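Paired with chain B in one complex and with chain C in the other, chain A is shared by the two complexes that follow.
Showing the complex of A and B:
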């Protein structure tokens, strides 16, 4: 018996363990002491993480397919549901578990009074995200998408004392439910076309043929998943939700849930749509490059304009998710490996930045940058998280984000999209400048209180009771470990090669289909060897950090223009952008509808122009 | 955006959206021309392989049973989430904080002024008479999922109605007693845990998660189709517990007020 056939037996555990534990915790809600619930939840997460590590180890040379209920396909038709265990899905699931573990450890001291409901919902969230990463069935993907939403909506409105929390959670729920509806429509159209729900089977049934139904179905899936991924013009809910969600929830939303939207589209594309879109790659690429670029620039600009720390970090997430879409848009396995590395690097860095914000809220009862000015001068130690985090956002080596950007830049030069490093540099510069500015003002006391008249103050309720003079180790330690991991993992030998293998395996549509449908035992697909120049990415990231530092220093200096001397056009643009993010869910739904229609029309026209 | 502009903006977007939708739909196969292999294969093999006469249940709880675990969990998480969001707020439970606008007190005064009439005898007799038959009917639907349309989801919802009928009959004390949170939560959790446990059973005998390894029994008898019946019972528990909890958290506030009014009479 080979290792993978033994390990295969535990494939269901990443979903079954968290769900089973959640059931026990819910059943014993009134009887379990708080510490017992913490212990059980952390144990379940550790079991999940351990299982996924074993799975990753067992698929390092060859992926395997696991059929629930033992229903292997008959003559190429799948009757049951399968998990496709390949290197990339395992690595993604491990990142999910690590972030959930951090969220649980952080909340040990964070919430002073909760029942087991928080644990139950986070465990449900964990099960949903793990299943989402592994599944090979389109409808099962939708089920986990919904499970993810059901737990995330409630977690987001956790602080039910505040009307703003309910408002933020409601905006999140309404927009994401419309997204889910579009996903379901897309699945129904593909089912009526092929009579299959298994992704490999749909892909094989479609072959190379693409007609209006297939294209529209893909547009609906794309829009639905990009609502979750907070891509322009579907990104509006994200900042509202992050501003109100408790910090451990922000870690999960920003660190991984949003990126799962990008992953789902990539998975659907390589498993199903690579054939039908083979003749329309140019059209799809141009559309996605434009969407990704707008998202990234808009997120960066909005990020710099915030004074509410969680909103600032939320807009930075939007900007970086835009960069991920740019990476995917190249529709190239090299770029896909870059996207994977970038997701890991960004997830670790962003989670620790949110912990940094949570620590400030815990210690000083505020996440308002101006109000916090100079108040953390005695806590330099925790400020290092912000410094290292800013480097990670800019992609300074040896961060994982640098490796990711390098792979994407390389793929971009191959298709003559040489402007992509510039977008990475711009977004990296602005978002890291915003974080550096926060560091300078809060930890060094630089700048004055009035210069940043951007955005109105949003009051934030403390999440922990009473004044705290010390910062608990369970808060600061995970943050440090994560920023250090984002730096240290880069030095692991062969990480780059492993990511490439994962990406090439995921992008090998034919091998994927025969693994799932014919039970073929095919090894991983390996990337062709070759060295690529680091220079463009080095230039891009050093520009990013230099401009980031300069911009942060300028914004804290007396030279930063006061409100009344800012040039009029700039004021108009910023005012316009801010008024778009109105917080009115009606506006968001209108933009969502228009965006879905526009993507459909533009993609249709582009395909017609490039030849049907 | 002002409301007027938003309305026109949305209307234009919707028209464009349905344009795209219609374009996508015109290439669909015509109505009634089912192309796929899935339905045809299952209709041929399900009764023979699973000894279940209701193929829909065989699909939901066996062939695609893993989806159902996810769907059951969606319901579970939604119920937990709803009770989390509707949990009594601090300012409602602290009675000694000295604030004049104690909302419970306000609700009490309010309901004193417009007290609803007590349930009539007709309503009481009818609703209470239905309680017993509904429990039997609910369990019938839950346990016959593999034979006739129905199953854990449908039966579970029916099983959740008797407490609501008790509430409608105006017997609030009994309602509070039979919806005790410890019990309801335990039933709900047991339903989810039971589903996972049946799934894990497959692993212990060397099969896959959710593999149906019990004897399949005689086609058409109540004890047939192996684990399908067990999974239906687990789902029935989770759904009935979940819906009772949902009813409870929605009525909790009113219930407290009404019980105080009754007590004060």
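Showing the complex of A and C:
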């Protein structure tokens, strides 16, 4: 047996291992001591991570398709369900496993009452996300989407004793369930048109033809997945969910689950819709660029207005996911490689920032910026996480986010969208300023207690047990390892090249279809060689961090306007934005409905304008 | 195939969403969500329906006999199972909200604003 044929049979492990372990843990819930559950869960995650590393190694030159039960397609018709293993899906699955591992390690010191159900849910979450990354079947994608959602809803409302936790989880669950229905409607429409559920088969059956049904189906899928990705105007649930979720869950929600929504749209686009939208690229690009830009700016502004640390980081995630949509909107493999790098960099940095917030909650029993003012002055060590995290959010080299931004900037100049670096710089500046402000206030004791009357105080109870006078290594160590990884990975030679290969392979629709449907053994698609100047991105990220520092310093200085002197228009805007985020699920669903309708109408109009 | 079932599906989807948006009780809201969900059943079954088709059980039936599409029925069953989980979860969250705050009205739960 050759290496590749052995590897093929371990393809099921990234889903089977966590699911199996979750079942065992759930069955033995009553008898298993806590430490045993911890060990089993971490072992299962390590096995998953190891399998995915092997898979990535085996597809370094050529992707492969694994058909469950050997149900390979006959004459181009797929009856079985397949996993498509290509470099990008493997890398994404590895990032998922790494973050789950970090969440488990962090939760070693987690409050004792959690029992083993926490592990069961996180393992279910891991299985769903891995399957979501690998699957080549549209309905299978939906099932993993729902499994992912159900585990996430339960995890989000895990802190049963807090009433806000259930509200946040309800808002999250209701909006995302409606998103799932939209996805299902989209799938049903595509099935009615093509009689297929396999993405490659749908793509081949559609070819270049696009009509109202196909475009409507894509809008349904887009909206459904972007509800999960928290893109404006579907983003409202995210801040509520993050504000109430336990810290390890925040790591997973913000670090990777939200980005999987962007990934799903990208996967569907390149496997199915690249043909039908070949004539409407301009329309789709304009629409997505606008949505991404609004999301990014809105997230950044709301981020700066928060005093609840987890909510602040949640809005920063919204802002950065908006940037990812901008990157995808260019519909270019170069930009896609940038998006992939950005997802990795952002995931690592954001996860460590959430751990930083979790450490403050553990040590001082609060995540309220004003309440924490100056209280961590003797613990500068953990503050370094916030400093390095802020640099990562701004995209300062050598962060992975810088590499990603550079690839996206480069693709943007090719299609004459030269304003895109400005949006990256703006969002990077504001979100890093917010994190730097937190660092200044909490770790240096700068600023006063009154200047930030904005934002609402949400009570948050300690989640951790044990002595609170010191910070456990299992919390601080993963955070440091991740920020250092976000810096160090950039220096890995050929990382940029590997990301480009992954992106070009994913974006090669014809090769994807013949790999899946004809069983063709096609090598990875390589990007044309070429060097691009780093200077423009260097300028934009330097601007971002300089403005971020200045803004943070200004907001902590006595010069920062007090609430009653804030200029009226600004106050109106902020007040308006705040009242939009009402915490009322009916409002969120109303926005979701209006947003979905608006996106459909605008896309229709744009397509008409750009010509059918 | 007539347009009527598609209109029913669209109507169920919209009326369910209207219920979710205007609901003043979480239990009622979850039931409205179930109405939205039933529109996906109608849509899926309609897509697979063939006029004059028999049930998709092929034992002892001559080849070429028209039958309704079993794939969408399988999809619908999966959909029911998945959503039953979600609805159960939502209802349990609603119970917890009621235990904690004594109300089920989303209008009274504004702690997460801003």
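The working rule: the second predicted complex is superposed on the first by the 607 of 612 C-alpha atoms of A that agree within 3 Å, B and C clash if a C-alpha of one lies under 4 Å from a C-alpha of the other, contacts with A are read in each partner's own complex, and residues count from 1 in each chain.
Criterion: contacts are C-beta pairs under 8 Å (C-beta built on N, C-alpha and C of every residue); 3 or more make two chains touch, one makes a residue touch a chain.
Being a predicted model, the structure only gives us computed values, none of them experimental.
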item: Chain A residues touched by each partner, larger count belonging to chain B or chain C; value: B
item: Which of chain B and chain C A:578 touches, first, second, both or neither; value: second
item: Which superposed partner A:26 touches (first chain B, second chain C, both, neither); value: first
item: Which of chain B and chain C A:197 touches, first, second, both or neither; value: both
item: Contacts of A:67 with chain B and chain C, given as first, second, both or neither; value: first
item: Which superposed partner A:243 touches (first chain B, second chain C, both, neither); value: second
item: Touching partner for A:178 - first (chain B), second (chain C), both, neither; value: second
item: Chain B versus chain C as contact partner of A:54, first or second or both or neither; value: neither
item: Touched partner set for A:517, first chain B, second chain C, both or neither; value: neither
item: Which of chain B and chain C A:170 touches, first, second, both or neither; value: second
item: Those residues of chain A which chain B touches in one complex and chain C touches in the other; value: 139, 143, 146-147, 150, 153-154, 157, 160-161, 166, 169, 185, 191-192, 197, 582, 584, 586-587, 589-590, 593
item: Residue ranges of chain C touching chain A (in the complex, touch as defined); value: 13, 17, 20-23, 26, 29-30, 33, 36-37, 39-40, 43-44, 47, 71-72, 75, 78-79, 82-83, 85-86, 89-90, 93-94, 96-97, 100-101, 106-107, 109-114
item: Residue numbers on chain B that touch chain A, as the complex places them; value: 1, 3, 6, 9-10, 12-14, 16-17, 19-21, 23-29, 34-39, 41-42, 62-67, 69-71, 73-74, 76-78, 80-87, 89-91, 181-182, 185-186, 188-193, 196-197, 199-200, 202-203, 207-212
item: Chain C-facing residues of chain A, complex; value: 139, 143, 146-147, 149-150, 153-154, 157, 160-164, 166-171, 173-174, 177-178, 181, 184-185, 187-188, 191-192, 197, 239-240, 243-244, 455-456, 458, 578-579, 581-587, 589-590, 593
item: For the chain A and chain B complex, residues of the former touching the latter; value: 9-12, 15-16, 19-20, 22-31, 66-71, 74, 77, 79-81, 117-118, 120-121, 124, 127-128, 131, 137, 139-140, 143-144, 146-147, 150-151, 153-155, 157-158, 160-161, 166, 169, 185, 189, 191-197, 211-217, 219-220, 582, 584, 586-587, 589-591, 593-594, 596-598, 600-601, 604
